[in-house]
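Consider the two complexes below, in which chain A is the common component and chain B and chain C are the respective partners.
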Partner chain A sequence: MTTQPPKVLVTKIGLDGHDRGSRVVASALRDAGMEVVYTPPWQDIAAVVKLAMEEDVDVIGVSSLATDHLIVPKLMQALRAAGLQDIAVIVGGIVPDADEAKLLEAGVAKVFHPGSSLADIAAEVGRLTRARRALNVT
Partner chain B sequence: MNKPVDAGTLAAQETADERWQREFAASARSDKPTRNRSGVEVKPLYTPQDWSGDYAAELGYPGQAPYTRGIYASMHRGRTWSQRQLIGLGTPADYNARLLEMIAQGTTAVSLIPCNSVFRGYDMDEVHAELLGTCGVVANTVEHMEECLAGVDLARTSCAMNDPSPFTLFALMLATAKRRGVDWRTISGTSNQSDYLSHYVANHMFFRIALPGARRVLSDHIEFCNRHVPNWNPMSVVGQHMQQAGATPAEAMAFTLSSAIQYAEDCRARGMQVDAFLPRFTFFFDISLSLFEEIAKFRAGRRIWARITRERFGARDPRSWRFKFHGQTSGVDLTRQQPLNNIARVTIQAMAGIFGGLQSLHTDAYDEALSCPTEFGARIAVNTQNILREEAHLTDVIDPLGGSYYVESLTDEMEQKILDVMAQVESAGGMYAAVEQGLVQKMIGASARGFQEQVESGEQTVVGVNAYQVEEGAGERQALPTPDPAKMQSHIAAFKAYKGARSQAAVQAAQGRLAAAAGDPQQNLFERVVEAAEAGCTHGEICATLRRELGFGQPLVMV
Partner chain C sequence: MSAGLQADANPLAAILAGERRALARAMSAVENETAAGKALLHELQPHLGRARVLGVTGPPGAGKSTLVSALIGAWLSRGATVGVVAVDPSSPFSGGAILGDRIRMGAHQADERVFIRSLASRGHGGGLSRTAARVIDLLDAAGYDQIIVETVGAGQSEVEVAEIADTRVVVCPPGLGDEVQALKAGILEIADILVVNKADLPLADRTERELLAMLSLRHYDVWTPQVLRTIATSGEGVAELADLIERHALACASQRRSHGGRVRRLIAASAADWVKRRVEGLAGDEFEELCARVQSGELDYASADLRAVALVLRAEKQA
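== the complex of A and B ==
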């Protein structure tokens, strides 16, 4: 069986539209050989869950600049409710320290802050994909 | 005394220039070409051979076309720059308390940053409550605007509203002024970032109506202000978003000037006289850490605009030729790592803007890469301006770098880069068409990626990120100020009560007139927005009507 490349949804939920981060990360993951599903900003949580299910992604990357990370716990809840708890969620952007702890507690796999390298992000997506697939093999 | 040591008789025949070249080559760190962020190759030394321009035609005096040395005769020797720090958080009462505090500390100009929900065209009861007031003030009605501006003399205070099309906040402010009996003709300020194209291609914050509708509302807004609020600047053309999104300084200046041409053409097509609207055009730019490049960018931009307004538009009034701009230090250049280093970065960026001849400045707080700024961070940002203005002798001489072989040569080279990008946009059919085609978005995306790769490869040093890293605790990082949830809950409850208590007939009628005007190009749509605000319609209701009539503005995003 050939290994499929990781499939990752790169998105922004909530109200903010600053998308430099999500665009740069999406293009870097694509260049790293991954399959990237990209959405414009302003997505509803329900739309993200639906897209993740339809596209069967391994990882969801949520980019946040202006406090939209505060509704990521709602996304985690919605994913669980849809039975998609095996999809790993990464948050990237401006996340204050105190909020990072809350996000990890809500089930977020990893928070990338400004200054993170594209190579590290790609490596993490790869690692989380392998973990998910190992889980789903049985 | 030291005598220069030569390599014998051969050296005696060298010119000073040749000798310098030889000695430079022997000791230079690298022979790789050095390029600035815009891709201009920068030489190690500039001499009189590098600039032989015509002083009168290309530089001239401050306050005289082509304004390379500044748009006013006295520049910072007359008025320095306006200190226009952005503020906005929480409820209208929170905002007003902070505003009055800043006015007491010497701030002379109001700036109002609304909550992201307002930016996106929604009322507070239409969005996730967690997000309310975290990045700006939650103001949806004329009552909220009255409370925001309580104690502010609207006839004497310049107000800048970060207010996307259809300019509802400004409409709410006009309604407030009318209630207070303030003559609209005395009101001054700016519809910050009314440039919908910059939002469509870059940060997508202010963009909420499909492109053709946004285009019409802006022209109507400019025309309305020309007639009724003549001291208001309805047009703020923005390079800041595009540079923050990744455009190089030259690209950002080029796109901004191309947008300004587009907006001026649109006004002209509506039959407005150029000298009626061009004096009310203002510009807003990002200032990166690339000090000399930014200075050259601003000097070149002024010169190009002076030529465009006279040669392309035939403007006769010198006020139409002047390139007035607000600068904001670049947040993208700030780092989360060792955040106090950002104070040094902001200082350098602010200096670039000051030497570049800006009229108004916002300095970022050092903690903006961590969260919305704390009050502590905001105070340092204000004092950075105070130090630069009053301690550092930066304002003693007008355009102090004018005549520098390097800066003049770089100004010319940046001008050429800018004109090249503008020609690309022009051949795509102008800025509106170039944006519709995705040309601008693609260029910005490619430049953003290119810069990130330079950081990753170490070609571009970022202290604390790819060099000079240290282990950090969380101690240096302050907590994010958050709005009080209880106050926000009662704000929402009061808002719902307000909606129930107002005259539903007046609201319905105003909404009906607004919808009808959207379908009738002969009417001024913004005039109907103002009427709706006066009739008690909420911000979200006005936006919803226009979204329905003019289409929702989903941006074309290119990856």
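== the complex of A and C ==
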């Protein structure tokens, strides 16, 4: 049997350039046996949608540390418009409680706050990947 | 939730019609070697052989991805569509990978005429992944004019790209080793074009001279490999490189990958892979005994391998 590791996009959209967190998470997911497409910060939404589509990722992780997180609902919209609603989106970083509800309402699967464990993040990505693949049996 | 899955109903038709999402999904099926992926590849066969495939290899940090990005720009400006397959290494410990080639491909990533796919090597040793050749086939069938395959950062013997590309570019950063390195067998031998990238660095002149000296000692028939200087970050030398690739393709048109020789090599590679996996999976007393006889020195490897293949074929017949 061949291995079919989860494929994850770790990215940052908007103007926030604090990329230490996304690098740490990308490395942890790699060490958990996942294939991680990593981008530098400052991606625009159209580029992220095209990338996620071409790479056929299971999960997109968006890191936000400087109040850019309210761009994420626009990303959700763009993913739906491209027919990519089966890709799960998680957000990690500094997200006020009131905004977390908005993100979840927009379709974000999970928000990870400061202090989250890398093992928990990897476990959630694994769970979301299994759920997506159970849905898309090819 | 099924709205997003419609594209997979007839993957072949969708791919031939240029549907990018169907293409991406098919690549996953091929990469994961699913039954659907194998069936699709079979149906794909009559639709192959139109695209030109360029292989780009060289050591880590040579500037392969940046040069690929510059070439994408050159081909787009000449009216071509471009597919890219970029391979990065999987960890031998966790199996995970960071796929970071496409981030060097900047603005072209967002261009609708460009399709970039990153693959992890998944333990395959030749500088590519086991399924890379078939992912290229998918891009070919989808109608991309130029396909670029970028290997993992390669050492001296990751020469598999030679098998699947029409034209092979080896990127040599300045100042890697002395003239003896340039004489060695392996990666430098497969080059149709040797690119001294980062040519603004001080040791570029020496590297270029050493490569030229290496080439002068060999004999070639259809095509004599060329040495070219580029600075991928500024675009210097890139138009010349695109021209040279074109010239090579014309000169070697009879040896293209669509030619029978490639199919022969791919069947051989696929058969070797099948036998290897089956032998590794052999179980039972007879195989244990065979191993023991080799270990004790009673039997040599050359005799043992034929017997192992016989065991595989017998097991196959019984199955």
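The rule is short, and it goes like this: the second predicted complex is superposed on the first by the 134 of 138 C-alpha atoms of A that agree within 3 Å, B and C clash if a C-alpha of one lies under 4 Å from a C-alpha of the other, contacts with A are read in each partner's own complex, and residues count from 1 in each chain.
The working rule: contacts are C-beta pairs under 8 Å (C-beta built on N, C-alpha and C of every residue); 3 or more make two chains touch, one makes a residue touch a chain.
Model, not experiment: these values are computed from the prediction.
In the three-chain model built by superposing on chain A, chain B and chain C fit together without any clash. Using the contact criterion defined above for the overlaid structures, shared-chain residue A:G115 touches chain B, although it does not reach chain C.
Contacts of A:D86 after superposition: chain C is touched, whereas chain B is not reached. In the superposition on chain A, contact is made by A:G17 with chain B only, not with chain C. In the superposed pair of complexes, A:D56 makes contact with chain C only, with no contact to chain B. Of the two partner chains, both chain B and chain C are touched by A:A26. With both structures placed on the common chain, the touch criterion links A:N136 to chain C but leaves chain B unconnected.
In the superposition on chain A, no contact is made by A:A123 with either chain B or chain C.
Once the two complexes are overlaid on the shared chain, A:A47 sits against chain C while remaining clear of chain B. By the document's definition of touching, of the two partners only chain C reaches A:P5; chain B does not. Across the overlaid pair of complexes, the angle with its corner at the CA centre of chain A and arms to chain B and chain C is 100°, in steps of 10. For the pair chain B and chain C, the model built by superposing on chain A gives 8 Å as the shortest CA-CA distance. Residues 26-27, 30, 36, 38, 40 of chain A lie in contact with chain B in one complex and with chain C in the other.
Listing the residues of chain A that touch chain B in their complex gives 14-20, 23-24, 26-28, 30, 36, 38, 40-42, 66-68, 70-71, 74, 94, 96-99, 113-115, 117-119. By the touch criterion given at the top, residues 116-117, 119-120, 122, 127-128, 130-131, 134-135, 199, 203-205, 207, 244-246, 332, 335-337, 369-372, 445, 448-449, 452, 456, 462, 464-465, 474, 477, 479-480, 554-555, 557-559 of chain B touch chain A in their complex. Only residues 1, 3-5, 7-8, 20-21, 24-25, 27-29, 32-34, 36-37, 90-91, 94-100, 102-103, 109-110, 115-118, 120, 122 of chain C touch chain A when the two sit together in their complex. Residues 2-5, 7, 26-27, 29-40, 44, 46-47, 50-51, 53-56, 82-86, 135-136, 138 of chain A are the ones that touch chain C when the two sit in their complex.
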